[in-house]
Every structure is written in C-alpha cells, then in structure tokens.
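Read from first to last, the chains carry the letters A, B, C, D, E and F; within each, the first residue is number 1.
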Amino acid sequence: MSATNDAFLETFPVTLRDAATNWLPAPWNWLAQGLIAVVAVLAIFGSLFAILTLVERKALGRVQNRPGPNRTGLPYTARLPWLKFTEGKIFGLGQPMADGIKMLTKEDIVPREADQVLHFIAPVAMLAMSLMTFAVIPFGRNLVPVELDASVLYFFAAGAATELAVFMAGWGSRNKFALLAAMRALAQLISYELPLILSFVPVVMIAGSLSTVGIVAAQSSWHWGFIPHWYVLTPWGFAGFLIFMVSALAESNRSPFDLPEAESELIAGHLTEYSGFKYALFFMAEYLGMTALSGMAVTLFLGGWNAPLPFLQFIPSYVWFAVKLLTLLMGFIWIRATLPRLRMDQLMHLSWKFLVPLCLVNLANTTVWHLTASLPLAVRWLLCAVIIVAPFTLIGRSLTKGVAPRTYRYAE
Amino acid sequence: MSAPSENSPSAVRPPSSGADPSAFPGLTSAPGSNIRAVNDPFHGDLLEVSMGPHHPSTHGVFRMMVTLDGEVVVKLKPVFGYLHRNHEKLGENTTYLASMPYTDRLDYLCSMTNNWAYALAVEKLAGQPVPERAEYIRLILAELTRLLNHVCLAGFLLQDCGASGTPLMYAFREREKILDLFESLSGSRMMCNYQRFGGCRIDPSAEWLDRVRALVAGFPRFLDEFERLITGNEIMMARTPGVGCLSPKLAISAGITGPMLRAAGVDYDLRKVDGYGIYPRYKFRVPLGAHGDTYDRYMIRVLEMRESLGLLEQVMKDIPGGPIMDPKAKLRGLRPKAGEAYGRIEGPKGEIGFFLISDGSPNPYRYRVRPPSFVNLTVLEDLCLGHTIADAVIILGSIDIVLGEVDR
Amino acid sequence: MNPLQLCLILSSLLFAVGLAAALARTHAILVLLGVELMLNAANLNFIAFWRYGPPASPADGIMFVVFSIAVAAAEAAVGLALIIAVYRHQKNIRLQEANRLKG
Amino acid sequence: MQTPEQIRDRLLARFPGAGVTFVANPGASAQHSLLLAASEARAIAEFLRDDPELALDTCSNVTGVDWPEKEIVETIKKNVPDPAGGPDKVVEEKMKKTQPGCLEVIYHLYSMSRKQGPVVIRLRTGNRTDNVTLPSLTPVWRACDFQEREVYDLFGIVFAGHPDLRRILMWDGFKDHPMRKDYVDPDDFEWEPTPHDDVLERAKEHYPAAPVTAAPTASPTPEGKA
Amino acid sequence: MIAFAVIALLILASASLAMCLRNLVHSVLLLVANWAGIAVFYLWAGAEFVAFAQLLVYVGAVSMLSLFAVLLTRRSFHDLDIIPESVSRATWALLTAGAVAGVLIGTILGSPFGNVTEAAPAVSMRQLGEELAGTHVAGLLVVGIILTVALLGGVVIASKDKEDKS
Amino acid sequence: MLGSGLLQGLAVTAKNLVGSFHDPARYTTVEYPEVKEQLPESFRNFPFLVTDNATDPMGALRCVACQICEKECPPQCIYIEKSKDKKPDATGKPQLYPAVFAIDTSVCMSCQICVEVCPFDAIKMDQEFEIATTDRFSALLLNREQLAKPNTYFHQIRPTEAAEVDGRLTAERKAAEEKAKAAAAAKAAAAAAPKPAASAVPTATPAATAPTAPKPAAAATPAVPTPEKPAP
C-alpha cells in the first residue's frame, strides 16, 4: 500500500460523508451514513442507467452505421456560450430525459384478465432486488455500502430473486407470450444460477474470503511490481471470468440470451403487457442488474478498485472501479450489437453441457494452482492453462460437432 | 430437437384443417418424434398462440396459428389475406399498360423483376419482340434486384434470429446503393415501373452503367464482411442447420421454386431452363444445397449473390447500343389478339409468372399472377412441425415472403 | 418468557401451519410445500438453540441448518419430480387418485 | 417434349373414351392446352405426373377463369321458298343463342426432373351456379393446395378431395366470390371527400343529408349476388 | 423484540395465508415471502451465512422448482384454482395441527430454559469453513452425494418414459 | 475452436464502430432536414402541369384537355373537364384548355404513365417531396392552380429532359409554322377572289367568344366540385 491511500481525492467521499454525519449522536449517525450511501448509490447508478441507455443506443447506432439518437437536447443549453456549437442538441443528451417523461406520462394499461396483484408487484420487486445487490459492491477503497462477512453469498441470494419477478410479470399478465417468457425465465435462471455461482467459487477458494472487500484486498499487489495480481490474469481466473460473464449475460437477460423477451419470437415476452411507468421500472431493473453483475465481475476477477500499475495509484480507487465497470458494460453492448439469439434448448445445453462441466474442471484447476504454489509462476501458469483449455476444446468440439461450414455443389 | 426426418409428400400430408377432424386421424402421421397428437383427449396442455398479424417477425401482416406443446410446434396454420386488394381484378379492369405500376407493388422489394415478368407475359401474348439493348438492361436490373432481395433476406433472417439489427443495417446499407441506382434510372427507388412491352422506359446513360460497374466491383467486399459476421458464427451454426428441412420430393411436388428449391438440392433455375432474355449467352453457375434446411437456404442466397455478381461482370462488358424500345411497340391502346400466354421468369424469390387471357379488348380478360412466395408458403407447416417456436420464426424468415405478393 | 421460548413458540406454530396444510390439502404441490414449512420450522429451532441455548461448539447450530437446508433442497427436487411423474400418469395431481403403484 | 396433340393421343390410348379435347390457342404464344373431363381428371393427372416420358412432377400455376353466359348472335341465311313459285328468296335470320357459362381451372404443369413444359390442362364446371364441383388435384401435386383454395375463394369452384378447402384470401365470413365477372362490390362504403363522381353519388345514398361526422350506416352488405 | 414480533408475524401470516389460498401460484409466491422472512429471522439471530444460504436455496431454487412444477402440471390459466377440500378433512387437519401445537407450546412453556446467553456466539466465515471442512467433512460429503443422487433421481423420474405414447 | 466465429463477428462490428467515425463508406447516414441528398434528375414524385408563360402561369397551360392521361391513369386519380371555349396556346393557336384539372395525390401512385402518354408534354413529374399536410382530404387534392408550374421550373429540376422537350417543341412549332406558312401561301395563291362573306367570320369570332371571356376567371374558383361535403 502506498502513501496515495490518504490522498485528498481518495478519501474525499468518506470525508464528505463523515463531515455530514459526525455531529449526530451514535445510533443516528450510523443511520444517516447508511442513508447517505443509499442515496448516493441511487443517484449515481440511476443517472448511470440513464446515460447507459443513451450510450447503448448510440453505440448500437454507430455499429450499424447510423448516428443513434442525437437530436433531443436539453432546454436552455443553446444559450450557453460553450455549448453553442451543438445548437441545443448536445449530442442527444436529452434523450434519456425525454424517454423518462414519455414513460411516466404514458397510460398504464393493466389487462382485465391479468392477475392484478402480481402484475403490480413484479416491476417493483424486480427493481428492488436489483437495487439491493448494490449493497455489497465495493465501489472504491472504503466505499462499500454494507460490509458483510458473506457478502458474495448475499449478492447472489438477492440477485436470484429478480427472475422470480420476471416470472410474476409473465404469469400475472395472462398473456400467452408472457407465459412462455415466464417459463423461459424460470428455466434460464435454474440453468444459469449454477455456473454463475460455481464460477466464482475458485475466487473464494484462493482469496479465502466470502467478503467482497476481502476479495478485492487479496488482488491488490503486483507480481514483479508490474503484473497486477488480478484473478483474471490467471488461467483459472480467466476461465472463471468468461463463464461468469456468459452467465451474467443470461442472468440479466441480455442478448444473446434474451430469450424471455425475445422480440422476434415472443413480441416482448414478459413485458408484452406492460406500459408506462411499470415498463420503465423493468427497463431500469434490467440495466441495474447488468451494472451490478458487471460490478461483481470487476470485484471478483478484475481486481476491484485496484489500479493496474503501481504508479497509477494516484488516481482515486473509485475511478478505477468506474473505468473497469464501464469497460464491461461496453462489452455487454458490443455483444448485443453483434450476436444473434440462441434457442431455448441450446441455451440449456450450453449451461448444462458446457458451462457447468467447465466450472467443475475449473475448480480442480484452481486446486492445482493452489497446490503448485512452490513452482515457478510460468510453469504453474502453463500447467493450469492446459488443464482448462483442453476440456474447453474437447467439449466445444463436441458441442459444434456436425455443424461445420458446408461446401456446396454447383450446376452449370 | 430432432428434425422431422422426411417431409411427407402430398398424399400423406398431415391435415391442417380443423374442419373435419374425423377425416384426418390426428397428427400421428406427421414427421418428427416429439410431436404429441393434437387429437389427444388430454388436449389442455397444448398452448394455442396466434402469432400475428401484429407480430414483429411475421414480415408484414401475416398470422400463424400455432399450437405449441411446450415450445414445440405441433400444428401451424398460416392465415393471410390482410393485404388482399384483389390485384387480379384490378388488372382485369384496366388496360395492359396500367397494370404495370401495380406489379411493382406485388413484391415491393423486387419491382424490376415483377415488371419484367409481366412485360414478358404480355410480349408473349402479343408477339412483341424486344430490342437487344433492352434485353441487356433487363438482365442487369434483374440481377441487381436479385442482389437487393437476397441481401435484404439475409438481414431479415438474422433479425429473426435475434441479432439486434446489425446485419440488417449492413444489408440495408448495400441495398441503398442499389436503390440509388434504380432511382437515378427510373425515378423511384422501389416502385420503378420501368419495363414496357417491347423494351424499357428510359435509356441508361454511360455514367449510370459505370456506377453499376463500380457497385459490382465493390459488392464482394461487403459480402465477405457480411459472411465473416454471420456464416461462421457459432450461434448461427447452432440455430439454422437441420432446422426446417425440406425434402426434394416434397419441394418438387409443392411447386417450390427459387433458392428454396435449390437449397433442397433440385437443379431447376428458370434462367437456365427457360433461357429467357439473354441468359443463355452467359455462363453462370447455380448453387445447390444438400439438406434443404434453413442454413442451406441462407447460404444458397449468399452464393447466388456471388454468381449474380459474376454474371453482371460479364454482361457489363458488352452492352450494345441501339434503341431500347421496339419501334413498333405500342405504348397505349395495346390490343393483343385473342389468346392466352403464361410468361414466367426466375424472380429472386422463385418463379414469378403472369398468365394472361386476351379477348382482343384493351383490357386483359384474365390476369393472373403466380406469386412465388404464396406457393412457397404451402410447405410452411411441414417445415415447422416438430421445431420450436423460435425455429418457426426463422423458417418463415428463410422462406422469404413478401405479403404484398402473397395476399395480392 | 425468555427469547428462546418465543422463538420455539414461533417455530412450533409454523410447524403446526405446515402440518395442517399437509394434512388438509389434496394438491400434491401444496402438501409438499407444507412439508417444507415443517422442515423450516425445525431449522428455526436449531438457530434458536444456537443463539439462546446453552453454549456448545460455536458453529454447531449453523452446521445443522446448513445440512438440513441441503437435504431439504434435495427433498424438494425429488418431490417435485415425483409430482411431475404422477401428473404424466394420471393427468392431475390429486393425491387421492395417486393410489396405484404402477401407471 | 411432346406436343399437346401427341399427349392427347397418348392419353386417349391410355384412357380409351376419356374426355380429352385439344384446345387451340390462337394467340402469338401458341400455348395450346388440353381440356379434360372432370371425371377422369384425377387419373389422368396422376398419369401425367408418373409417366416417365412426361414426368410432369410439378404444377406451377393454377388459375380460375370465369366464362359467364354469352349471347351470340348468329346470322343464318335461309332459302325461303317463294309461295308464288318463283326462285327461293334468301332471308337472313338472326338467331340469338346463349352460350352457357362455366367456370374453368387451368393448370400449368412442368417437369422439374426433365426440365420441360408447360403442359396446360383445363377443367370446366357444368355451369356457374350449382354444378361447380371439380376434382382437386392437390393429392397429385401439393402445389395446388393454396392455389386451389384461392380459386375456391375467388371463383367459387369447389374442389372435391381437397384436404383443407377454406377461404384463403377473403375472410371466413365472406359470402361472394370476387373474381367472378358479375361480382358487384358490396355496398359498404366509407365516405371520403374525393371528386370521384361515382363515389359522390354513392355518398349521397349513404349519407342522406347527414352531417359528415355521422357514422356510416353500416348495413350488412347485400352482396352482389346470392 | 419489536423486530422479532414483526418477523414472527411475517412468517406466520404468510405461511398460513399461503396454505389457505386457492390460487397455487399465489401460494408459492407467498411461501417465497415466508422463506425470505425466515432468512430475515436468521439474520436477526446473527446467523448470516445460514440466512443467505436459506435465500439462495429456497428463494433461488426451491421456489423456482415449485413454480416450474406448478406450470408443468396445469392445463390452463384457470386450472390453478384448486377445488376446496372437504370440510371434515379440513377440520380434522386443523384439530390435529392445533393439538400438536398445543402440546408443543405447553411443553415449551413448561420447560425451564435458563442460561440465556445474550451475546450471539461469534462465528467467522473462516471458522465455519474450517468446521465444515474439518469436523463435519463426512457430513459434507454425504450431503454432496445425497444432492447428486437427488438431482439424478429427479431427472430420471421427471423425464418422459420412452414408451410413453408419442 | 468454439468461439472463433463469435470473435470474428465481434471484430467486424468493432471495425464498423470505429469506421463509422472516419470512414464515409461505413457511415452512410445523411441527417435529413439539415443535409439533403441531391436528387437524381429522373426522380419523380407527383405530376405537375407545365405552363409556357412564367408571368401568368394559368395563361398558357400546355394541356389541351385531351383527357388521355385521365383515361390511362391506373388509379384513376386525374379529373379533367374540358373547357367550353378555346384559348390561344403558346403558339397562338386556339386550343381547348382544362376547365378543371385535379389530381388526387392521396390516390396517385407516382407511376409516370400520365407523363408518358401525354402527346403535348403538358404534364411532367415534380420532384417536390416535402408536401405533408395536416388535412388528409381536400389538401391532398391538387387543383389546376396548384398543379401549374412554369417551364422554367421544369428546366430547373430536369435540365436535360426539359431541354430535349423544348427542342422538340420548337422544332414542331417551326414545322407547324412553316406548314402553316406554306398552307397560307398556297391558300393565298389559290384564293383568287376572296368572297365578301368571309370577312364576316373574323368579326364574328370575337363576338362569339365575348360571352365566355370571363369564364377562365370564374372557373378558377369552383374548379373542383366542392369536396367538403356531399350534396345533401
């Protein structure tokens, strides 16, 4: 740990919070600090959600050779001299706001046949659950809303409940497409919870901690002073990271695993009968869930808030966290822009026949890594890489058997 | 998901009617092992879903009444006619010429080939020759239309697979270039109304032909990139092979034409068989599939695009000068002798034919369109049975229908 | 009344609810869920004794619950699979009718 | 490829006494056709499909045609003997004859395996009202499935033996057959202020002195013919 | 104590309501609330690990399985309304359950429970892990085997019979 | 190896993402209201009527109300009523003119058949496409005044075609004039003794046209049978 730990910027958020709450008597002091954390998470990730929707649409647009939303400006910005060149459009920054206003003012339609209670609870539960997962993510040094001993467990316990909300939405809508979506959501959750959990078990094994803070702390050193000690840079960690990200795509219903809301098959799946504010809540929950899972991936595999190189530590830890988080989010968007969707049975096969076995192999791999601690790093690294790459190739080959690109004959 | 082994030919076709269940003892004769009999007394856990007419992936106002066992299609009935405007009656109530712009609106992606097919039928009916240069222009436009249609189809198919618009937008980027060419030639991007009986409407300039050459030269680069994005993609390889296999026997019996037929392995291309226009003068190959599944249908189209490019390259080298309209051709007041004629060409979607009966009056007595996508839809149920609902969507996408043509 | 007794009363009430459900309902899934409730009531007891009972090994109560939860999960999985199998045979899952051992 | 005449002769040899007539096409295309009697049509169609020389394995196009009753005026010259005993007078007598109407289905058959065609066959109904049943060729060529349904829908020809004969383009409750020559548009009409004269005329009927905003008097459309 | 009362109320109310409802999906979802309440109880009692395990297993897995079973064994949207049980059956069940509860509560109230430790025994995660992998390793293995067997058994039982009419 | 195809696809999209910032071949969007693509000369939208006199557009419509376009129009969206009188056209020859010429652009399908069949080059396709209105009935029905546009406008939107048309027309006129001159010369040569009665004809013609003279002005207003309301 270097001296930068006490830098002004590094401690600034905590200092600010303490200054605001330290004058309060003991129990209230604690409550106020919690409240501030909640408000801060809500504010930061709420606005991140808003910007993310815009960024996603713009990135998708750019990938597809079009500009994306670039018209909706914010009022009065045209008068600001330094924004004059944007002619009040400021690159479409007003789009999320316009979307929000549109969503809020739309009519809320509840089908007559719908299960009124479930139809109402579903979006609320979904948003609440995905917000709750933010409680244990360490956003920076000393910046974790709740420090728990078993915070990783907490994260996945809370995250598991979101698919329940998808089920409620699908079931409660009394719509056949939504019902199919509900079935798909359940099956998908059951299939992907397992690889998601199994993929981080190696991290817990090596870090020796179930607490997110502990896991980040375990990754905060450097080999030879320049290779960060992040788990993603080990063979088992890399495999775990990939499996985690694939499962995270499925857990957050993102393309190519967006089967519950597959628009070309099920119109909008569980969202078919939702409109207005409730739809906005679902939308928000999806993005927040994606953000939370990315944050957890950063914490578990990418060294959390640690800087990649020692001399970069002068940049505050939360900035590093944000950079990594945004990188992963851009990855989500990139994948969405590229890949077609899997079919339901293939989705299950991918989980049960590919990810889960790989996870188990990876567990063994981690044990090997742990037991060969005395060997030189390069040897260890190669050994473990072979252990994970070999089954990957073998299982992958069996999965793609018989679907090699074909050759075609021609008639003259 | 095991694919239906062999499509049953016509005689043992599974009944799709709900009209008289006693006449058809269930779907037990249907292909595929995982189809539960619809007439199972325990019917309740089948889910009947009406996909369409307002559904994102039915390519227009098309409806599939799907009965699902879980996610597996056990019964599928196409319902259409929402766009029906009785095109044939319109054609019978107007002059021969006035039907020409209406043919644009049949398959609104391929107005040029529709125009040609209609012009060909009328020329057959009236015994009208076409000058040399016009034949060249017609071929160029038809092959450009084929490019345009196939590239759109590939994009839409991927859209149906769930690729959030990216391949579609790439496809549309290239399509726009062809549409620009059409616009600068005929004045309209999609409703070209370009062909006339005995020639074409506007003589393309040398500059226009140069633009076509440039497009033909640049197109393979796009195709390569598109194939890198799609063809080797594992998800595409998981989704499409083995899905919606069409046996050659059924394909022939059901009158399937176009890339769908050739994907089933039947060597039948009207450009070769009928040898209309100046196609016999040029060398091009006809790609043939072996499985007749969705992947083959996609790949055949990609390969056909490449062949079309080769063909265009040859044709662009020797376009003769001369008139584009036969001097004896009548624009107005065409009154062919009494008789009938069936003219057909290989449209991008298959055989598009026009059948005309003349009674010597300025209006055709009978004006019939043989739309390829309408006939190709015949086998939709056979292809989808035993596959999941997600597959039904991409099978429909790979059949390549345009509702303007199906409903007429 | 000390906290331990309160906890135990809570768990016995929960157990009674589960028992009543398992006895009264004929729907197989509800019966199974009633059994789950009774299991949960037992788990409550473990935690209650661990928390307020006489000190033993500090992790014993937790160990019990962890194992019991694992077994409960296995039980639920098998039970629900059985229910689906029963449904396959008799097209409903009313328990009174599930009286044949062979389908 | 055999000419239609040759095919007719072969058919007559194979099916003695079958109703196979050669129909010439006077037009420039010279696509002649064969008129089959309805009773043997199915058997003949199967023969055409299975005959190795023809191998007409696909049916490209199925068309209905409506031939309404036509009045034909024939002028006949008659020699009327002069009662006075003179030479016969030539009197032109005009005979009005009604040619009975019928509905016709035309099939364009091709061979995909031998790459030849077309062979055009036609079937005719007895009349246009009650005797409109023809054998369905869908069991022979699956391609006729939707097209025969369309002919049924638009012309009202009933195809016996079709597995799924329902309306296909018009909706199920529709009564008439729109492609018939004597079809009259249903009198449902939505007013739009266009200067079509006939539209304005009909507007007058439908909106007798009513304000524009009034809902159209949507009567259950009296179809053109029963 | 207030917290305990709220938790107890949540647990009991959701459980009894869930067992009374006609709509099966509602029942299962209420039971999810009940299981979550029990997890909150564990948290209140200081057993963090157990609480999260409870959430993961019950809310995350068992509830899904139950819902799946519900969906798979139903015929239509309206098929979930369960026919009410016969009155006599319900009465007998309630009487039995009441008797059991009475006996239990009587015993609890009658038993002298002294020796209450006010502070929860502190168990760190590491300690738990060591217990699990040390003292109780046999149990852990057995549970693992049980789970595997149960999983396989479930798959075998629920998978379609091969000779089932197709 | 599993995943290589996915990586290839990702590379393609990444290339496009980056390319959209610098490569005009990849970023083909034209931001419409600000930037407008140059229309090809042959672009067509709805028809308009060509007038030869720019100062008085209604004065010299080339249209002679022959009604060929009305007959040939596939969707039957042209309505023409012939005038009762004749007016001199650009060459001074008296011609009929359309008292009513209306095109229902809600029906028109821009097929250009009216242009092709017009023997007088009187109707041409316009290129104006920003023609949205808020009224879907009468605003879409263009009458004679709205359709009339000067020949200079035609030159502006389609220089090549307009030049060709003008060349053809002047040639025709010249030929007609020469023919007329020749005819007049022949007539003059033939007319040895003009009859006195013939002088009455020129005097009578203005008298005959006088009552109808205010007609064009009057016809302008009720050009179309009032479409607002069906006659009760």
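We take it that a contact is a pair of C-beta atoms (placed from the backbone, for glycine too) under 8 Å apart; a residue touches a chain by one contact, two chains touch by 3 or more.
These numbers were taken from a predicted model, which means no experiment stands behind them.
Enquirer: If you walk touching chains, what's the least steps from subunit A to subunit D?
Expert: So the least number of steps between the two chains is 2.
Enquirer: Centre to centre, using CA atoms, which chain is the farthest one from subunit C?
Expert: When every chain centre is compared against subunit C, the largest gap points to F.
Enquirer: Name the two chains that are joined by the greatest number of C-beta pairs in contact.
Expert: The largest set of C-beta contacts joins the chains C-E.
Enquirer: Based on Cα centres, what is the most central chain?
Expert: Chain nearest the overall C-alpha centroid, as shown: B.
Enquirer: Which whole number of Å gives the spacing of the CA centres of subunit B and subunit F?
Expert: Inter-chain centre distance comes to 36 Å.
Enquirer: Would you mind pulling out the distance in Å between where the CA atoms of subunit D average out and where those of subunit F do?
Expert: So the centre of subunit D lies 42 Å away from the centre of subunit F.
Enquirer: Could you please state the distance in Å, as a whole number, between where the Cα atoms of subunit C are centred and where those of subunit F are centred?
Expert: 86
Enquirer: Touching at least two other chains at once: which residues of subunit A meet that condition?
Expert: Within subunit A, the residues that touch at least two other chains are 63-66, 179, 337-339, 400.
Enquirer: So which stretches of subunit E touch two or more other chains?
Expert: Counting only residues that touch two or more other chains, subunit E contributes 49, 53, 61, 65, 68.
Enquirer: Could you list the positions in subunit B whose residues touch two or more of the other chains?
Expert: In subunit B, residues 166, 170, 173, 229, 232-237 touch at least two other chains, as defined above.
Enquirer: Looking at the complex, which residues from subunit D come into contact with subunit B?
Expert: On the subunit D side, the touching residues are 25-29, 31, 57-61, 63, 65, 106, 108, 112-113, 115, 118, 120, 138-147, 150, 154, 163-171, 178-179, 183.
Enquirer: Touching subunit A in the complex: which residues of subunit B?
Expert: 1, 47-49, 55-57, 68, 71, 158-166, 169-170, 173, 229, 231-239, 241, 267, 269, 272, 283, 285-291, 295-296, 299-300, 303, 388-391, 393
Enquirer: Along subunit A, where are the residues that touch subunit B in the complex?
Expert: Against subunit B, the touching part of subunit A is residues 60, 63-66, 176-177, 179-180, 255-256, 258, 262-267, 336-346, 400, 402-403, 405-406, 408-412.
Enquirer: Going by the contact rule at the top, pick out the subunit E residues touching subunit C in the complex.
Expert: Its residues touching subunit C are 1, 4, 8, 11-12, 15-16, 18-19, 24, 27-28, 31, 34-35, 38, 41-42, 45-47, 49-50, 53-54, 57-58, 61-62, 65-66, 68-70, 72-73, 82-83, 85, 89-90, 92-94, 96-98, 100-101, 104-105, 108-109, 113, 115-117, 120-123, 127-128, 131-132, 136, 139, 143, 146-147, 149-151, 153-155, 157-158, 160-161, 164.
Enquirer: Subunit F touches which residues of subunit B in the complex?
Expert: Touching subunit F: residues 94-95, 97-102, 104-105, 166, 170, 173, 176, 180, 183-188, 191, 193, 201-202, 225, 228-230, 232-237, 331-332 of subunit B.
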